[in-house]
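Below are two complexes that have chain A in common, paired first with chain B and then with chain C.
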Partner chain A sequence: MQFDPFVIPFNIGLYFILFYVVFRCVIWFRGLSRPDKLRLQRGFFGNAFVLSLKEIFLESLLHKKILKTNIRLGYMHMSLAFGWFLLIFFGTIEADIFGTKHLNAPYKAIFFRYFNPEHGRMGFEAAYGFLMDLILAFILSGLILAISKRFYSRVVGMKKTTKLKLSDKIALTSLWLIFPSRLLAESFTSGTYGNGSFLTGTLGSWLASFLPAQQMAYPFWLLYSLSLGTFFVLLPVTRYMHIPAELFLIFMRNCGIKTGDKSGTYTEVQTYSCSSCGICIDACQLNFSAGITNIQPAYLMKAIRNNDDVSEIANNCLLCGRCDQKCPVGIELSPIRMIQRRVGDNENVFTNIYKGYFRKRLHNIPEKSNGQLSYNFLPVTDPEKVDVLYFAGCMTHLTPSIKNSMVKILDASGVKYKFIDEQGGVCCGRPLMLAGMDKEARELINYNSQLFWKSGAHTLVTSCPICYKVFKESYYLGVEVLHHSQFIKSQIEEGSLKMNFLRKKVVYHTPCDLGRGSGVYDEPRFVLKHVSRLEKSKFDDENSLCCGGSLANLKLSSGKKYKIAQDTAAELTKGNPEILATACPLCKKTLSSATETRVADISEIVAEALIVTSVKRNINKQVSSIRELANI
Partner chain B sequence: MEKFGFTISKIRQIDYDSNDRSIADYIYEREPSFRLCIECGGCSATCTTGNYTNFSLRELHILIKRGENSQVIENLKKCMLCGKCILVCPRGVNTRNIVILARQAFQKSDSYAI
Partner chain C sequence: MSKHVVVIGAGVAGLEAAGRLSKAGFYVSLLEKEVKTGGHLNDWYKLFPDRRNSSEVKHYLDKLTLNDGIKILSGTTIEKFSKRKSHFSIITDKGNEIIADAVVVATGFDLFKSARKEEYGYGIYDNVITSAELEGMFRNDKIALCNGKIPGAIGIVHCVGSRDEKVGNLYCSKLCCVTAVKQAIEICEHLPESKVFCFYMDMRMGGAHYEELYREAQEKWGVNFIRGKVSEAGETINNRLVIKVEDTLAGRPLKMELDMLVLMAGMEMSDGGKKIAGISGLNTGENRFFSAADPHYGSNISNIKGVFYAGTCTAPMNITETISHARAAVSEVMDYLKDVN
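Now for the complex of A and B:
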């Protein structure tokens, strides 16, 4: 039997990590809820398994998403992951075909040349050796990029790279040592026996010309085995745990498991799947505009893994969702951050899955927080019956021009509507949720829901994307919720609104809660195209910037908010538009203080272009005068 | 003596020595912009809760700074954190964070039951 003591470190590492991963997966599986377990079981025998294999090949090995966003960084990740996979794959085949017997122990494939030094002189063997050298060269090229990235991250087109903890650094060093030590070990062995292909052969014969190759080979084989062993043993306590965790995550995601409201196994797998690649750091506006470099998702995930106190990190975030969009692993970063904000609230919270709400409807007993009501001062009102409700929202009340424009548009469209918070309404509850106070938020949700239901309306129009998101996600109203851009679009299509074309150059700023938060991209663009010359900008749709005013950030100082707003406004007004359009009162308020260009909400632009037909106006007037006379 | 319903008004002296200013210190430490407030009352004027009650963030600011905490606790939880006050504040005080920190401080401190 071919054996040498130097393979022991590798063997210890390999069997340790295999055992650990299986053990961990079993624990993760046991931590799942019953429906999720069933989902996994069904997925294992179904389509999800095949899909997962495909995704694992494309993402975990080829890194397709990173390649798309940043080709150099993608190449770096691909060469290391895919290259290493190929090396193991073809190495195993090589050991199987050319070794002394079939079905070898794993170390035979890894240290093949040590045990078969005479192999690879001519013919098919040489061609195979060439292939193995080619793969090694492929990995080494990526390794050179990786090492230079550590010292100068712009090499791979990144502005910032992640800061590492000590165990990560040791693991990283051992990872870096693996492939050069393999190269040198193979080269010395080839140099001694005078074989080897273009890489190991050439380097080997050159080294052998002035060094005692035979004596030099063994230490490098030992180093190769040691660095592999160290890497494997350290893997569970470092960020490299993402390698096994990501495979499990992809499978779980394909089976249809979602993050939900509470931390659980899926959240844990996601935090372990973060490779700290640093793509979120470059995407984060707090990093490149406000200079805050310790709160990005990569650090949040690290802090959660280390069981650190994350309240500072979790609360200092705009929740704009740019990182969610960019994350190559597809980790749901914002939901995980929201879970961290709710930590400490140990009662069950159902914000998204609000079961049993419809049955009670109007006879709902208000939810209590800590046994007491926080908002029992709110008056019980009985609104009149209408078709359409207009809920302006708190922020809209601070930008009265939006409110007035919407009243004008609603009047012109001829729908029977009621401006429900004309005299100032109650907050929608999302700001409380963002601060992690779901109990209190539910009181407000309850109050508002009853108000909407009592009015008997079938449509609820709001001007504020913050309200829109929470109405959609956490209210379960059973009525159609529309952002005003959607409402205007539907009215244009119905033909109830007639507009002039304004010859003005407009750039559209997508609000985070409306765009990435709720997926409303097309309607505002449609409306703007209808009334003005809409220009494209570098930060459209999914790639849009945050204005910085987000209510999600509880910690950010006003100076830094202003800086973000300035940067965003500067980027968007590069093409010198006449109007910087947006669809959010908060964005309008934040951006207008940071730029010279006129900032206007979509509703303002539409109201400006509106042709109020005399017929409708007269009817409205007549109706109201008759009503006054009849006293109804 | 005939009683006409007039009494001597309560003492309005603020005793900084006996008042508990730990809540204010807790906030100062974590949100320095608490010091910037000029008590203009803009926040109270725009307040959503203030629309329905006599809740006033300005008043709470002053009371917390004085250490007259007993009046603060009841009022504090009426805030809806909607954030209008941040937008109107001329001094850039992070008012929402102050309310959140004050709630935290009361929860952490043993002398107040919340």
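Now for the complex of A and C:
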């Protein structure tokens, strides 16, 4: 039997990590809800399994998405992952064909050259040796990139790279040592026996010319084994856990499991699947405009894994969704951040890998409400039957030109509508939800829902993407919810709005909650093209920037918000448009303070272009009386 | 040969500094971007707290600067500013180069552009006006709504663009409170039938005789002071204004109909001052005003030797403080030029 004590570190590492991954997957599986368990079981025997294998090949090995975003970074990941896979794959076959017997222990394949030093002199053996050298060279080229990236991130086209913790640094060092030590070990052996292919053979004979190759080989084989073993043993407590976790994540995702609004197995698998590639850091405006470099998803995932206090990180985010769009692993970053906000400071449901098995699950105890609504000071609106409800929203009330424009448009459209919050209304609830206060938001949602139901309307139109998103996602209204850009588009198509063409050069800023948040991209563009000369910008649609005014960031100083607004406005007005158009009152308010260019909501531009033939005013305007103080 | 000092800005600070420098024997060039000198003083009706006519102060400043040693270059802006050894080279928009031994920056303030607080409806609703526009109405002796009618209920909103993180101005403009009190009294004098409501966060009556004026407004004129910030303004179908405000003393939300709303626009670093800062490399602070070398004993001194500040280009000030600050700048210039050959 071929054995040597130097393989022991590798063997310990390998069997440890195999056992650990199986153990981990069992725990993760047990942590799933019943429906998710069924999904997983059904997926295992169905299409999902095949799809997952394909995705694992494309993403975990080839890293197609990273290659698309950044070719050098993609090559780095691909050469290490795919190269290593090829080395193991062909190494195993090599050991199987050329070894002493079939079905070898894994170490025989890994340390094949040590146990078969005479192998690979001619013919097919030599060609196979060439292939193995080629794969090793492929990996080493990626490794050179990886090492340079650590010291100078721009080598791979990244502005920032992630900061590491101690265990990551040790694991990283052992990872870096694996392939150079294999190269040297194989070279010294080849040098001793005078064989080896273009890489190990050439290097080996050169080294043997001035070094005692025979004596040098063994320490490097030991180093190779040690670095492999160290890497495997440390894997569970480092970011490299993403390697096994991502495989499981891909399978779960293909089975149709979603993040949801509570922490659980899927969230946990996602946080472990983050490789800290740093693409989210480069995409984040808090990084490139505000100079904040410690709150990006890569750090949030790391903090969650480490069981650190994450409230500071979780709350310092615009929730613009740019990172969700860019994450090559497809982790649902914003939903995970929202879970952390809901959990708050007082609960640590999520524990790290050491404590994972002994996880303590705390349950929310619902507070008893005293049954009193806090909004009883609001005027009671009598139920008046209409077709369309218009809900301006708080932010639209703070930008009255949008409100006035919408009234003009609704009047001109001839629909039977009611301006439901004309005299004031209750918040849609989303600001509370963004702060993680879902329970409190529910109170507002109930109040508004009842108000909407009373009217019997079939359509609810709002001017605010923030309200729009929450009406669509968290209200169960059973009516059609439209953002005003969608309403205007439908009215244009029906022919009920007649407009002049304004001949103004316009650039459109996609609001986060409307665009990435709700997938409404085309309607605002349709409307703007209808009335103006709409220009393209570098930051259209999915790639749009946040205005900086996001309600979601509970930590950002006003100065930094202003900086983001200035940068966004500067990018969008590069082509000197006459109007910077948007479809959100908050974006309008934020951007207009940061640029000299006129900032206008779509509704304002439409109202400007409107040809009003006859005014049909359907709203019953209530004139409120001067209250107490006016009569002092 | 007498030394040449350039004063940038011919408002209260610039005129005072130019006059005093000339008296001290310097040759002075006074640059002003507007055609008329006097700055904001031209816009005011009566001054707080004694309510003398603003033209009296203007008259004093004009007399002070009516002098052969002062060359007033009005309608002039500065395009380039550089220091060469101990001299300054200033190139105007007309292409002329002015060589100076020392420079006094007195670029003053701009009123906060009220349209930026869109929720108050300035520029959207006809009868929302600024404090400066109300001064104009006083000067023309006609306080009226856009339809010519006399307003019955008038609201005054304090802190518009001051102490407001959302517009990036954390500082207090200091003078809007007393201006509001003064204007409230003047409204009552002009329109004895009207009701005036002031909506404030704090009443900052930190100047001589301000508190007395505040007391007079309450006791003699019955002005209502409501502690709370107006959140938004709207319009009713008959063109009246509706405001929403929280009365924080009574602890309840209020909704009120008014005929006219007056916005107490705060003071901001002037656009002219920002331009000078951009081309000269003078330091500005987080509040965007010029930042002086020392807050206690160097409030006229800049980061460029030979350039001094006078007046509200460094912080909000009233006229009394502005004049004192300009005189202090003159003494700094004299000290500096004594040592420079």
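By our rule, the second predicted complex is superposed on the first by the 575 of 632 C-alpha atoms of A that agree within 3 Å, B and C clash if a C-alpha of one lies under 4 Å from a C-alpha of the other, contacts with A are read in each partner's own complex, and residues count from 1 in each chain.
Simple rule for what comes next: a contact is a pair of C-beta atoms (placed from the backbone, for glycine too) under 8 Å apart; a residue touches a chain by one contact, two chains touch by 3 or more.
Keep in mind it's a predicted model, so treat the numbers as computed, not measured.
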So, A:285: does it touch chain B (first), chain C (second), both, or neither?
-> neither
Is A:405 in contact with chain B, with chain C, with both, or with neither (first, second, both, neither)?
-> neither
Which partner does A:551 contact after superposing on A: first (chain B), second (chain C), both, neither?
-> first
Taking the superposition as given, does A:397 touch the first partner, chain B, the second, chain C, both, or neither?
-> both
Have a look and say if chain B or chain C is in touch with more residues of chain A.
-> B
Examine A:559 and indicate which partner it touches, taking first as chain B and second as chain C; both and neither are also allowed.
-> both
Determine, under the contact definition given at the top, whether A:432 touches first (chain B), second (chain C), both, or neither.
-> first
Identify the partner contact of A:444: answer first if only chain B is touched, second if only chain C is, both if each is, neither if none is.
-> first
Partner chain in contact with A:197 - chain B first, chain C second, else both or neither | neither
Where on chain A do the contacts with chain B and the contacts with chain C coincide?
-> 377, 397-398, 424, 558-559, 589
Chain A contact footprint on chain B (complex, rising order) | 33, 46, 48-49, 51-53, 77-78, 80-84, 86-89, 92-94, 96-97, 100, 114
What residues on chain A touch chain B, complex-wise?
-> 370, 372, 374-375, 377-379, 394-395, 397-398, 423-427, 429, 431-432, 435, 437, 440, 444, 549, 551, 554-559, 586, 589
Counting only contacts in the complex, chain C reaches chain A at residues 116, 118-119, 121, 124-125, 153, 165-168, 170, 195, 197, 224, 226, 231-238, 242, 244, 247, 252-258, 286
Residue ranges of chain A in contact with chain C within the complex = 377, 397-401, 404, 424, 558-559, 562, 589, 592-593, 621, 623-630, 632
